[in-house]
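The following pair of complexes shares a single chain, subunit A, combined with subunit B in the former and subunit C in the latter.
The block that comes next holds the complex of A and B.
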């Protein structure tokens, strides 16, 4: 029986990667464009990072956009002032988001439930106002401009990811695969299982000798590193970083993607992000009130499909 | 030297004195039962030993070390494991995963982001042992939340055992169970005590179980110690009879 389950998982995994690898070939004929796929990957990665905490550790952060935004500013500032290198900018973005998360995490992990969510919002908003006010460095409300992603230099040859959207898509897919592999690896490790234990029953976890606060802090910090990385990719995608990326409404979007897609599943948030981004792209060309339609879908999913969209797909496939 | 020594421990919640100046000594290999009417302070007393609550006054010494204000996880590392009156398990994980988490925690693999094949093999083997001991092998891949109450209880006890404790605290292990389940759990506890010389302190309402298992019994009533002694002594104790009969009459 478990062999059958494993086989089914492998097939599903192969399908997911095949779909992602072929985006530049099937997306344009269906009326989309490749950059839309890139956007799905970046926001999907962010939603998966939020879900690393929400779905697998069981703590809800409503301020994760802060680390996403910090990643974006980290990458942008690095390209603008430090070095014209895409890989260094990714590293700097990830470090900025991750280290900020590690630091604030020490204060946040003592709280639980609603208080945890409130504290994460509060710290997130602090970063938002810093980015908003510190115009000389961040460009304030206008956002950070004046940088662009640089060609990937491999010595013998270099790859243009600025003007060639397909190249950039595959670059982002490569980065996405890397981070997702790390995430999956952690979730299958003994540490990953302690995260599940905390989600399932904090009291039992504690009385199995798991120091719960420490483990939540580690999970929080890891998730902020992933988030910073996603934010850095977002800055590269837009060649732009703005304070809205730090705002708590952006955090809400990420949580919405995760819940809509299915927060108990690893890939759910990616599906949620895809639905969100594509609906946004399609509806915003028709109406400025596109968000109310996304909101309606969200309410329907939460009310009728608590396991998320992926949960529905999965049940259909099994039966 | 005694394994556990509780010295004059009290616990106040505001004006309520839940546990009032209780002392207890448990020798290695002993099976001690704590009994008493509802609201006698048994679970509060238990919670102070396991670290769920900190005493208002008094000291708790485990294996020569003062653990009065130690965090729960650190008490587990020193060898104190417990179960709860209302079963605490990981309901949406399988029996196997439940036990695996306990085994990995006990082996000190908690923080590992990777695991060697050898260590992983060891963990799996230990989980299989625990499954066999509990008779849950056939249900190993079911979600614990879907199992019958007795099986959930057995899973919880096995998780506590996976920690290789030197002191096992069982809070009403047979609560809410049928006759057969009660018998099975009693046999399991007896086996642990007789064969593995495990030191056990348990709270129990079922007097058949208590008198069948315990080496010594401590009786609490209204937060105070009423009596302490062998099962024979307790059975003959007039104060204890009065407390239980008085309650039955009321």
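The block that comes next holds the complex of A and C.
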């Protein structure tokens, strides 16, 4: 029985990676473009980072766009002022998002439930206002411009990821795989199991002597680091960072992706991100009122598919 | 200098009063039903636009009387159809749903009334400054504060002395017991929600007279109300009242010395409160979750 389940899991995993690896080959013929695939990957990574906290620790952060946006600004500023290096910019973006999360996390974990969500939203907006107001550094409302991703330099040879979109896709896929592996590793570790215990029954976990607050803080901080990394990739993708990436409506989009895909599963948010990004891309090309449709999508998913797409599939498989 | 400070403190108090009105509605719904109503700003905008539409027929005073109940009726409909199925579930879902609703409201108002800002004319005698010396206190601003004061007093009287109010307060503490005592909890939640949206509609009419109307204004006004609730303490309406006034005055004073930070000061205030008193100024000990 468990062998069968394991085999099924392995096959699913192989399928996911095969689909992701072959994106540049199947996406354009279907009417998409490779950059759309890159977008899905980056936003999917962000949604998975949100879900690391939401789905596996059970606390709802509705302000994660802040750390995503900080990652983007960190990468952009690093490329613009510090060093013309893609890898350093990724590192700086991740550090900026993660450290800000670690710092604010100490305040945020003092609350639980609905109020956790409220505090995260409110704190998330701080960075939006800073990016908006500090226009001499961030470019204000117009966003941060004047930087572009740099070729990957390996000494002997270098890879052009700026003009070759396929190369850039594979670079992002490599980064994605790296972070996802770390995430999976953490979730399998004793620490990850403790996160699940807190999600299932916080009081019991506390009685077992688990320092719940510290665990939630660590999970929050880790997810902010992942988020900052995703944000840095997003800045490299667009060669641009703007305050909208920090706004709470962006956080809502991430949570939506996670819920729509299925927040109790590891890969759900990626599926959610794919559906969300492609739908948004399509809707905004056919109607100016696409916001209403996105809003309607929220309402429909919440009312009729609260378990998300993977949840529906799983239920079908069981019955 | 002194006059500038006075100007900004008064200004802050007026803005604070406005935040209070909005935050109280949000707080009512949050306390009883555990729903973070993200669409609160959307309801505010809808209230404002309803006032704008009916002003030519019934005048400003008529709009002030009619628009809030109409908004509350829309709120009641939304609660009955969309939010009610979510009560037993994780608060995440009602949050996401109202988040989507906020999108629909913003886009809908843009579709119906256009993206261009719309002015709402207030009666001429309200638009005059009171005196030359205190040029910044127009009649309308005083009128705003007076309206908020009346509305808040009425709300507190309602909660304190009427049967409905007592049930709402009891439900905030323990909804299950209230239900077991034979109170129709569904109806209670609906009325409470409608009351919250009524306050949003009233804020909308008041805001329309002061700021004019734009489809996007709701989202910007929502965040200060959140902060007012967190600073004031969860579960305490008096706390919300205090929190709203406090952040209003704080941002007013900051505007004198460091205009760029007048928005950020609210967040600093919130951080400080969470650091030294996590349950908020008047929050109750048991209300940690």
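In this section, the second predicted complex is superposed on the first by the 314 of 319 C-alpha atoms of A that agree within 3 Å, B and C clash if a C-alpha of one lies under 4 Å from a C-alpha of the other, contacts with A are read in each partner's own complex, and residues count from 1 in each chain.
The rule is short, and it goes like this: contacts are C-beta pairs under 8 Å (C-beta built on N, C-alpha and C of every residue); 3 or more make two chains touch, one makes a residue touch a chain.
Since this is a predicted model, take the numbers as computed values, not measurements.
Undergrad: Return first, second, both or neither, reflecting whether A:118 touches subunit B, subunit C, both chains, or no partner chain.
TA: Touch status of A:118: second partner only.
Undergrad: Identify the partner contact of A:207: answer first if only subunit B is touched, second if only subunit C is, both if each is, neither if none is.
TA: So A:207 only meets subunit B here.
Undergrad: With both structures placed on chain A, which of the two partners, subunit B or subunit C, ends up touching more residues of subunit A?
TA: Counting contacted residues of subunit A, the larger count belongs to C.
Undergrad: Give one of first, second, both or neither to describe whether A:185 is in contact with subunit B, with subunit C, with both, or with none.
TA: first
Undergrad: Classify the contacts of A:158 with the two partner chains as first (subunit B alone), second (subunit C alone), both, or neither.
TA: In the superposition, A:158 contacts neither subunit B nor subunit C.
Undergrad: Taking the superposition as given, does A:194 touch the first partner, subunit B, the second, subunit C, both, or neither?
TA: A:194 sits against subunit B, while subunit C stays out of touch.
Undergrad: Identify the partner contact of A:287: answer first if only subunit B is touched, second if only subunit C is, both if each is, neither if none is.
TA: In the superposition, A:287 contacts neither subunit B nor subunit C.
Undergrad: With the two complexes superposed on chain A, say which partner A:6 touches: subunit B (first), subunit C (second), both, or neither.
TA: Touch status of A:6: no partner.
Undergrad: Once the structures are superposed on A, label A:306 by its partner contacts, choosing first (subunit B), second (subunit C), both or neither.
TA: Once the two structures are laid over each other on A, A:306 reaches subunit C alone.
Undergrad: Write out the stretch or stretches of subunit C touching subunit A in their complex.
TA: Touch residues, subunit C against subunit A: 30, 34, 36, 38, 82, 85-86, 89, 91-97, 99-104, 106-108, 111, 219, 223, 226-227, 229-230, 234, 260, 263-264, 267, 270-271, 274-275, 278, 288-289.
Undergrad: What part of subunit A is in contact with subunit B in the complex they form?
TA: It comes out as residues 1-2, 185-186, 189-194, 196-197, 200-201, 203-212, 215, 218.
Undergrad: Can you tell me which positions in subunit A touch subunit C when the two form their complex?
TA: 54, 60, 62, 107-108, 110-115, 117-119, 121-123, 125-126, 129-130, 133, 248-249, 252, 255-256, 259, 289, 291-292, 294-299, 301-303, 306
Undergrad: Give the list of subunit B residues in touch with subunit A in this complex.
TA: Touching subunit A: residues 50, 52, 71-73, 76-77, 81-82, 84, 88-93, 97, 100-102, 104-106, 109-115, 141, 156, 159, 163 of subunit B.
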